[in-house]
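Before we start, here is the structure in question, set down as structure tokens.
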Amino acid sequence: MTDHPISRFPVPALADLPADIRARILAVQEKSGFIPNVFLALAHRPDEFRAFFAYHDALMEKQGGLSKADREMIVVATSGANHCQYCVVAHGAILRIRAKNPLIADQVAVNYRKADLDGRQRAMLDFAMKVALEAHTVGDADFAALAPHGFSAEDAWDIAAIAAFFGMSNRLANVASLRPNDEFYMLGRG
Amino acid sequence: MTDHPISRFPVPALADLPADIRARILAVQEKSGFIPNVFLALAHRPDEFRAFFAYHDALMEKQGGLSKADREMIVVATSGANHCQYCVVAHGAILRIRAKNPLIADQVAVNYRKADLDGRQRAMLDFAMKVALEAHTVGDADFAALAPHGFSAEDAWDIAAIAAFFGMSNRLANVASLRPNDEFYMLGRG
Amino acid sequence: MTDHPISRFPVPALADLPADIRARILAVQEKSGFIPNVFLALAHRPDEFRAFFAYHDALMEKQGGLSKADREMIVVATSGANHCQYCVVAHGAILRIRAKNPLIADQVAVNYRKADLDGRQRAMLDFAMKVALEAHTVGDADFAALAPHGFSAEDAWDIAAIAAFFGMSNRLANVASLRPNDEFYMLGRG
Amino acid sequence: MTDHPISRFPVPALADLPADIRARILAVQEKSGFIPNVFLALAHRPDEFRAFFAYHDALMEKQGGLSKADREMIVVATSGANHCQYCVVAHGAILRIRAKNPLIADQVAVNYRKADLDGRQRAMLDFAMKVALEAHTVGDADFAALAPHGFSAEDAWDIAAIAAFFGMSNRLANVASLRPNDEFYMLGRG
Amino acid sequence: MTDHPISRFPVPALADLPADIRARILAVQEKSGFIPNVFLALAHRPDEFRAFFAYHDALMEKQGGLSKADREMIVVATSGANHCQYCVVAHGAILRIRAKNPLIADQVAVNYRKADLDGRQRAMLDFAMKVALEAHTVGDADFAALAPHGFSAEDAWDIAAIAAFFGMSNRLANVASLRPNDEFYMLGRG
Amino acid sequence: MTDHPISRFPVPALADLPADIRARILAVQEKSGFIPNVFLALAHRPDEFRAFFAYHDALMEKQGGLSKADREMIVVATSGANHCQYCVVAHGAILRIRAKNPLIADQVAVNYRKADLDGRQRAMLDFAMKVALEAHTVGDADFAALAPHGFSAEDAWDIAAIAAFFGMSNRLANVASLRPNDEFYMLGRG
């Protein structure tokens, strides 16, 4: 077996990065103990880096009807459907931590229909997967199926936007052959 | 027939928007003569609005091996594949203008393989469509197929990022049932 | 960009055609102001030309529960699903004229679920698309879904036959790389 | 088990049919010993009946590079792919007779890649199946793959037109739940 | 046309086989009058042969809510969906015999929705086809749809296990290009 | 979140099992420290249990050109494609142990094209995935693609048979909602 590099594209040195991007990366490193490769790979394009993480934060650090674990669960399920190794491994780790459940990420990544979910989570992922895989058919019935579980229209936007944003991220990661950091595999399994 | 509203979600009044967002929208209105509905629909979420258009500009107004017409052509072809009415109609108009060709958008939206394209454009869209529809299978052979047409690795990133970003946009527009402005249909057909 | 020819196959001169075919073509030219390319391309095979247009007229000029606009709407929606550039562009023009609606064809071609349709038209296109894409699964439930909108069994036959006939036409046009006449793009947009 | 009727739609009595249609049906009955149900089902719509069989004859009784067995083989393979019970059973019988081979129809209907075919027949069916299943991607390479086997451009038209015409027929038969006559099952197996 | 061999892999001589395998094959030959090719092809791997037929017998010769004809019907329908020529031809013959119906196998192989089935058989095949084609989505609703027709949970296991086992068999037969014996084509048609 | 039971079907008590099955299960328990749930779930059907594990052992404990890690890698890749949670989690653990690589299972399960594989392993999985997903199109070219990597025809059989056998297992596990033991998630990650 041969280890793939972080990305098919050039990966800049931290020292060469614009100050704001370097600062964000160092902050992540300090918090996590390592630099997730998506930061290094996207830093090759500073303007896209800034927009990507601004969008990411707007969706993932927002208040609302979805918990942080809910949001990560959407990422893992849709990234599995899009066969994105980086996102499943990296966000699988975050999901385990957020949900305080060492099993849930591997379950959801392979087949959320067979995972340890309650009815609300199942409905959330049904909606997210439809956005990921056939958004052009989403309609009134899909919104109606969310309502009995307490999801508002704003929550539906959140679910859809997370599925759509990570659909973009999944495509970028697959094109770049973005490599998940080794550290992610064990996080949250303790 | 009954006209659909602009969006399934609430559309804010201009007067209620944060100043920076209102300014951007008024600038677009001044330039185009009308406000494309995507601005109004996304303004419902100011943070997402800012990130979306920052990302959009980073990809679509960038210098590089792709012309502005090339970039719009990628948007139209992939939005057709994703069945996104808003993006096909709105970016079809921009493509007609950028390419100074009143026919090309309708051709590319339905079947780019039968459109009036040269070999370079065909290779560009083959790559973009693979990113849109099965990015997990993109590999060395796909990059190799771009090279003989003069596309650099940076150009390949651009093609992929545009296809991925509008894949997100297509999903959001389909979930919101975003309505294309009537004005787009005739633009660039003269 | 390079313009494609009318057809991948030989296109006969009008003077060389059998009298009945030439007469039909000249009649169309007189009425429309130009000769739609499908007439010229199919004239390469006179017997097939005669059968094709006899079938076409039997379905499209028939009396019944479907208006002429309804019939063209079926053609545009299913031709979009079959990625047939000629049929979307040519019948899109006719649909705009028949429906007296300059927007409807572009909407229906990309995603009829997001078009300005009433419930009756939506049910009609749901049925037509199922015939186009998975006719082997059509059954009682599909006929039952048409009835509340006033469609009779004969109307169901009409919808199905139009979807099936243009499914043939779409395949022929794609194999021949049939080029839509430039004139179609602007018709009915005024 | 319960026998399905001939068609979901009304089936006219012979005595009620226009003279030309009755004459054609009686001629088929005299030659075959029974009336294939497709004649009775389509007679419900005399104009469509006439156009359908005119088209059928133009494609199936034409001279050219394809033998009658070749033509029936295309029908059986593509009708299998379209899950059309009537066409597989009825044209399977005709194929057995035309090819003087009692096994070939059942082989081709299930998986032509594993049937007793030579290279020329395999190339013919590869082309026909692409027309049936994804005609929008047919291009130069597909025509080039036919040439080494002696297929002319006119032969390619024939293959494509037969696949397209029976694609229509398959859809009509599936919508009507057209029942194959019991007689077909044993024909040509002797 | 050229006849394919029995299998792409070596086919052992009866004399070279382990005694238990030879005995089973001779017993089949005595009962059927010929040796079905699947026995010869799998005998290339004695341990797999033994496990395969032990599994086969456990599923197909079991008592329970499914008749022998029901079991063969599941095999034919799912093997048609998997495009397995050997299994459709061989088990089609057995189905005709078990069901005492010379038409049913050809009907079910092409499109079970249009076959001469009662509601119970239709529900059984709906379930079996879902297992064959998208088992990861099978859930409570699918079991609930079986119950009104008198199928127990044990019957559901049987249906699923037969569909799954022959899904394996279909894949092996397609990889080996396993040839159906000529004798099967006519069995049960009398 | 709510934990799913081991299986949708009854799970027998060890004491109630036939002696040979109980012995096998106890042996596994002694070796592994726990009883993998697939043993308990399949013990509900003793004859199927015996045939299943006889087949399993014939394929997975065989000598030949494939290492034990190779065989597990095929299981994980194809089980991921079939969305089988049990097989991905359980055989992912075994793959980590056999390959002495704590990362490889998660990589292969999501997208083997982006995993740390050499050319030989990639070719092996290309073949296995084609068997899992479209075995009816496997042909000479697929065998030819294996040969340069040193795979013999017998190795090809092994790859295909493992993909086919676990395709059956994946379907059974999905129908039974078979739950992976908690122990598997951490095995081989150390």
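Just so it is clear, A, B, C, D, E and F label the chains in written order, and each chain counts residues from 1 on its own.
The working rule: contacts are C-beta pairs under 8 Å (C-beta built on N, C-alpha and C of every residue); 3 or more make two chains touch, one makes a residue touch a chain.
Since the structure is predicted, the reported quantities are computational estimates derived from the model, not experimental observations.
Enquirer: What is the shortest path, in steps, from chain B to chain F when you may only step between chains that touch?
Expert: Minimum step count, chain B to chain F: 1.
Enquirer: Going by the contact rule set out at the top, which chains touch both chain C and chain F?
Expert: Both-contact set = A, B, D, E.
Enquirer: Let me check something: if the centre of a chain is the mean of its CA atoms, which chain is farthest from chain D?
Expert: Most remote chain from chain D, centroid-wise, comes out as A.
Enquirer: Based on mean C-alpha positions, I'd like to know which chain lies farthest from chain F.
Expert: Taking each chain's C-alpha mean as its centre, the farthest from chain F is C.
Enquirer: Determine, among D-F, A-F or B-F, the equivalent of interface B-C; equivalence here requires over half of the contact pairs to be the same by residue number.
Expert: Repeated interface of B-C: A-F.
Enquirer: Tell me which has more C-beta contacts between its two chains, C-E or C-D.
Expert: C-D is joined by more C-beta pairs in contact.
Enquirer: Could you label the chain A-chain B interface same or different, taking same to mean over half of its residue numbers are used by both chains?
Expert: same
Enquirer: Where the centres are mean C-alpha positions, what is the separation of chain D from chain E, in Å?
Expert: Distance between chain centres: 28 Å.
Enquirer: Centroid of chain B to centroid of chain D, CA atoms only: how many Å?
Expert: From the centre of chain B to the centre of chain D is 43 Å.
Enquirer: Using CA atom averages as chain centres, what separation in Å is found between chain A and chain D?
Expert: 50
Enquirer: Just curious, how far off is chain F from chain E if you go by their C-alpha centres, in Å?
Expert: Each chain reduced to its C-alpha mean, chain E and chain F end up 23 Å apart.
Enquirer: Counting only residues that touch at least 2 other chains, which ones in chain B make the list?
Expert: Touching at least two other chains: 83-84, 111, 114, 136, 139, 174.
Enquirer: Pull out all the chain pairs that touch, please.
Expert: Between chains, contact exists in these pairs: A-B, A-C, A-E, A-F, B-C, B-D, B-F, C-D, C-E, D-E, D-F, E-F.
Enquirer: Under the touch definition given earlier, write down the residues of chain D that touch chain F in their complex.
Expert: So the residues of chain D touching chain F come out as 111, 113-114.
Enquirer: Mind listing the chain B positions that touch chain F in their complex?
Expert: So the residues of chain B in touch with chain F come to 136-137, 139.
Enquirer: For a test of understanding, state which residues of chain D touch chain E in their complex under the given definition.
Expert: 1-4, 79-80, 83-85, 88-89, 92, 99, 101-104, 106-107, 109-111, 114-118, 121, 174, 177, 179-180, 182, 185-186, 189
Enquirer: Looking at the complex, which residues from chain A come into contact with chain B?
Expert: Residues in contact with chain B: 8-9, 44-45, 47-48, 50-52, 54-55, 57-59, 62, 82-84, 131-132, 135-136, 138, 143, 153, 156-157, 160-161, 163-165, 167-172, 174-177.
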